[in-house]
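Next up: some structures, all given as structure tokens.
Look for subunit A in each of the two complexes below; its partner is subunit B in the first and subunit C in the second.
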Partner chain A sequence: MSEPVLRVEHLQKIFPVKGGLFEKKKVVHAVNDISFSIGAGETLGIVGESGCGKSTLGRTILKIVEPDGGKIIFKGEDITSLSRAKMHPYRKQMQMIFQDPYASLNPRFTVGEMIAEPMENYGMYDKHERMERVQALMETVGLKPDHIRRYPHEFSGGQRQRIGIARTLALDPEFIVCDEPFSALDVSIQAQIINLLEKIQDEKKISYIVVAHDLNAVRHISHNIGVMYLGHLVEIGPADKIYSTPAHPYTQALISSIPKADPNAQGMMNRIILQGEIPSPINAPRGCPFSTRCKHCTEKCREAMPALREVDSRQVACTLYE
Partner chain B sequence: MLEPNEYFEPLGASEKRDDYIPIASKSFARDVWERFCTNKRALAGLILLAVIVAVAMIGPLVSPYPYDGMDVSIANQGPSSAHWLGTDQMGRDELTRVLYGARISLTIGFVSTAINLLIGVLYGGISGYIGGKLDMVMMRIVDVIFSIPAMIYIILIMLIFGSNVYSVMIGICINGWVNTARLVRGQIVALKEREFAVAAFTLGASRMKILFKHLMINTLGPIIVNATLMVPQAIFNEAFLSFIGIGISAPQASLGTLAQDAKMLLSRYPMQMVYPVTVICLVIFALNFIGEGLEEALNPKGAR
Partner chain C sequence: MDSLHKELLTVEGLEVEFKTKQGPVHALRGVTFDIKTREILGIVGESGSGKSVTMMSVMNLLAENGTMTGGSIRFEGRELSTVGLGTKAEKRAHEKEMMNIRGKEIAMVFQDPMTYLNPVLTIGTQLTEGFRRHFGYSRAEAKAKAIELLGQVGISNPEKRLKQYPYEFSGGMRQRIIIATALACEPKLLIADEPTTALDVTIQAQILSLFERLVKERGVSAIIITHDLGVVAEICDKIVIMYGGQIVERGTVKEIFNEAKHPYTRGLLDSIGKVEAERTPLRYIPGTPPNLLVRHAGCTFCPRCDKAMKICREYKPAETVFSDGHSCSCWLYCRDRAEELVRAQDEERQETI
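On to the complex of A and B.
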């Protein structure tokens, strides 16, 4: 296999938690010892419930927040500890599509200014060529080029997300982190955006990390899927494998929660309902983070976090498979 | 994907064109201007201010009397065809004096506001954007400056540089920028966490560009409104300083010194007090209305 576009090794991100004056300083392990790699033109979906650290993972990889441990290797270069200035050329190739198309567009910029801006930042093309490219990009993402002088508030949510995508594509990135790109959109628009992202991937061989909690959308777009629970990657493997035969008890519960079109179908009967709440990441349980809610939990689970190991052509971190 | 069925037929090219409703895209400034114009009070304020500024600039030039031309034989006259507003106790033409005074007062008001804005926006912007320890230190400096009454600075400056227009301006600016700095800092601190600022960062914008292009443009509203309220404040401060005798010195005049001169003869010639005070009031009203109108125009809550 050729060199992957992105390789992440034992990545960690820790946030300090503000405690009282006499309390012990606490930390949240938002991203805990995560490793994976993505090849050219591949999509890795990251799923998990709210607060499990999936957005932080995306932001740490792009160094929007500095990682606290591990390595980020982009096209063979270790970019983990690069300064802001040294990171600049890499940033052009590593981009992000944001969750909220309302908050991520500057309300005082026109669409044209917004899409041209990244090209200005990198001194790409002259002024005239930039304007032509802006129009071409607007067409690529399905916006009318004559809307170029409008402000974001004049667009719908789906159109705004398209503006965000066009702006990202302006830099010809090779890798894009999509941070819940669908969650702020209604279902019909979600489908359009998913198709748009797939079309762009086919044309430009871009690699994606798609962070989402909509399991169906992720399945549709991803080649591989990683499941996160409380900052840990508990299972990662080909999308079909994960969806058809989930191995980790948490993945099983997650997959069984997907609503089925046919209420009498087999899966409906086997719905796994998790007991209890997700533990606070501040007092994360020792050992396997899922041990407090897992029906297969044993003494061994509570002692140490099991390592990822190859099971049935995917990797699982669970004592059941040791 | 939906298949088109027999209930629908595709539009022809010409129908598509007919269906397109062109909406003129308005620039932000134009949008603000149009909303501003719908506010009658604000518009009236703007016109009033324009008239006062124009008259104050042109008046002393076309007046047949110099602002400091004394003629004691005609002191303290009432309005007449030669002196429309009469003369003061030195026999100087009152109208010329008031217009000349208005010119100085307005200059002080606008120049000191411009200086305050420049310092305050830069200071507050940098402090808020960089944050952390620098922010902490910069804001404590602001607190110290703010906690010493302006009057002390002003009197000290007057002692060193003498009583003139420049000392008044320095005196007003020395802690006038503090409020702007705090305002801007607060705005920037809130804005820099917004997703569009993170987006600008991932798209390769430099720190300077994020601060001055992406964030500042979103603080324009409060800053402009703040500025329109700072002008009358500066004019008022100058009038007060001149009134208590540490501002502009004779024979130069500002609206404040005119009021002070009239104070001595208030019981016999009250009109000499009325003229400068009326102009001060008009300017302050006009600027307040403009400020109010701009605030509304720049923050169209619920406007789309």
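On to the complex of A and C.
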């Protein structure tokens, strides 16, 4: 296998939480000892419920927030402790697509200015070439040429997301973190954006990390899926393995919870309904984070977090498979 | 019709208009549907299709700039729409009647539980408000009933929980409380507007099974507004598909999923990624939802429709009935009646000029 585009080793991100005057300082382990790698032109989907740390993981990899431990290796270079200035050339190759197309575009910029801005920042091309590239990019993402002078408020959510994608592609990145790219969009528009992201990937061999809570959408776009729970990666492997035969008890519950748009399926019958809610990450349970809601929980689970191990061509962190 | 399933709510030809700075928005353009007792109806559509406006009209909770300009809403024989109410006195009397219906006979569950719970009142106060107003319960009676309700929706330690404020609860628990509040006065009809959209999937599964159990146990009817076809497929009996302020198709869950007729319904079903799907491009509906500021002469879906014909742009399609309950408004199925429909619409236009 060739060198992966991105390798993450034992990545950690800890946020301090303000305690009371006499209380002990508390911390939240938002990203806890996470390792994986992504090859060229591959998509890794990260799924999990709100508060599991999936967005923080994406942001930590791009060093939007500084990691507190572990290594991020991008194309063989360790970028974990690079300064802001030294990160600058890497930022060009590592981009991000944001969740809310209403909040992530500057309302005072026209579409053309917005797509040209990243290229200006890096002093790429002369003015004339930039304009040509802006037009080419707009065509790639399916915007009309006469949209170039319009402002973001004139566009619908789906088209704004296209503007965001064009802007991201302006620097020819090799790796993009997509943070909930479809969740603000209607179903019929979601499909348009999924197709667009897949088309771009096939043409330019870009690697994606897609962070999402919509399990159906992420299934379609991802080659591999990682499942997170309270800051830990509990299962990671090929998407069809994860969806057809989930191994970790949490993954099993998560996959069975997806409402099936098929009245002939016996969805409700075989559903695993979890008891209780996700514990607060401030007082995360000792040992396996899922132990408080797991029906297979044993003494061993409460003692230490099990390590990821290979089970049926995917990796699972659960004492059931030890 | 058997006695188990009586007509409960009938909405006919409902039209709603909002006055805005840019001109009138025709949010509903003749919406017709009905729900019988012990039925769960799903209303599906994208944002701006008019699904929430329909329900707000039923509850008479339209924003100030919104008016019902035509049609009727009948609930157990009583007229709920404000169409044709002229004088202020008439409107006041109608509002007074609505206050006795809201909460007691028709209750609502909203999308975002944090917005709809008052942050400065305890859960107990908010839970008991309904039955203290409608049934005149004493404080002690109300408290006992509230504890019972919280137990039913699966909140542990209800006595202590009653004294807590909304911020002390998680999203899933708040939604349970909203459901408990809605069921408090034993309504005949429960309207849920995107009840699980703000929740995570595992919590959504909890809430949906709770919802289904309560509806079945108590024999109430429910309308669920959602954009998630998966949710509808699992708990509804009938489905209504809305697009651009109109109902484009209606039918039982099986009819809609197995034999969808309208191109929009088909597009919607195609564009949800199937869990088993391979990585082939998803089928999708091109374009974007319609601008309701513009009066559309023909079908509102035709600019995005791959089967659009000339007639679609100029004249409204009529409803075609396929079986009892399954019908669809599309020119593909009413071409044989084209001549008379066109004539009728031409005459109507002449009159308005």
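Throughout what follows, the second predicted complex is superposed on the first by the 317 of 322 C-alpha atoms of A that agree within 3 Å, B and C clash if a C-alpha of one lies under 4 Å from a C-alpha of the other, contacts with A are read in each partner's own complex, and residues count from 1 in each chain.
Everything below uses one rule, namely that contacts are C-beta pairs under 8 Å (C-beta built on N, C-alpha and C of every residue); 3 or more make two chains touch, one makes a residue touch a chain.
All figures in this text were calculated on a predicted structure; none of them were measured in a lab.
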| query | Of subunit B and subunit C, which one contacts the greater number of residues in subunit A? | reply | C
| query | Just subunit B (first), just subunit C (second), both, or neither: which does A:A304 touch? | reply | neither
| request: Determine, under the contact definition given at the top, whether A:H88 touches first (subunit B), second (subunit C), both, or neither. | output: first
| query | Can A:I282 be said to touch subunit B (first), subunit C (second), both, or neither? | reply | neither
| task | Answer with first, second, both or neither: which of subunit B and subunit C does A:V27 touch in the superposed model? | result | neither
| query | If you stack the two complexes on chain A, which partner ends up touching A:V17: first (subunit B), second (subunit C), both, or neither? | reply | neither
| field | Footprint overlap on subunit A, comparing subunit B with subunit C | value | none
| subunit B residues touching subunit A - in the complex, by the definition given at the top | 25, 27-28, 194-196, 198-206, 209, 214, 217-218, 220, 304
| So in the complex, which bits of subunit A are touching subunit C? | 49-50, 156, 158-159, 186-192, 194-195, 198-199, 213, 215-217, 219-221, 243-244, 253-254, 256-265, 267-268, 271, 273-274, 277-278
| field | Complex contact set, residues of subunit C against subunit A | value | 46-47, 170-173, 200-206, 208-209, 212, 227-235, 253-254, 257-258, 267-277, 279, 281-286, 288-289
| note | Per the touch rule above, subunit A residues touching subunit B in the complex are 62, 64, 88, 91-92, 95-96, 98-100, 103-110, 117-118, 121-122, 147, 149-151, 153-154, 164, 167-168, 171
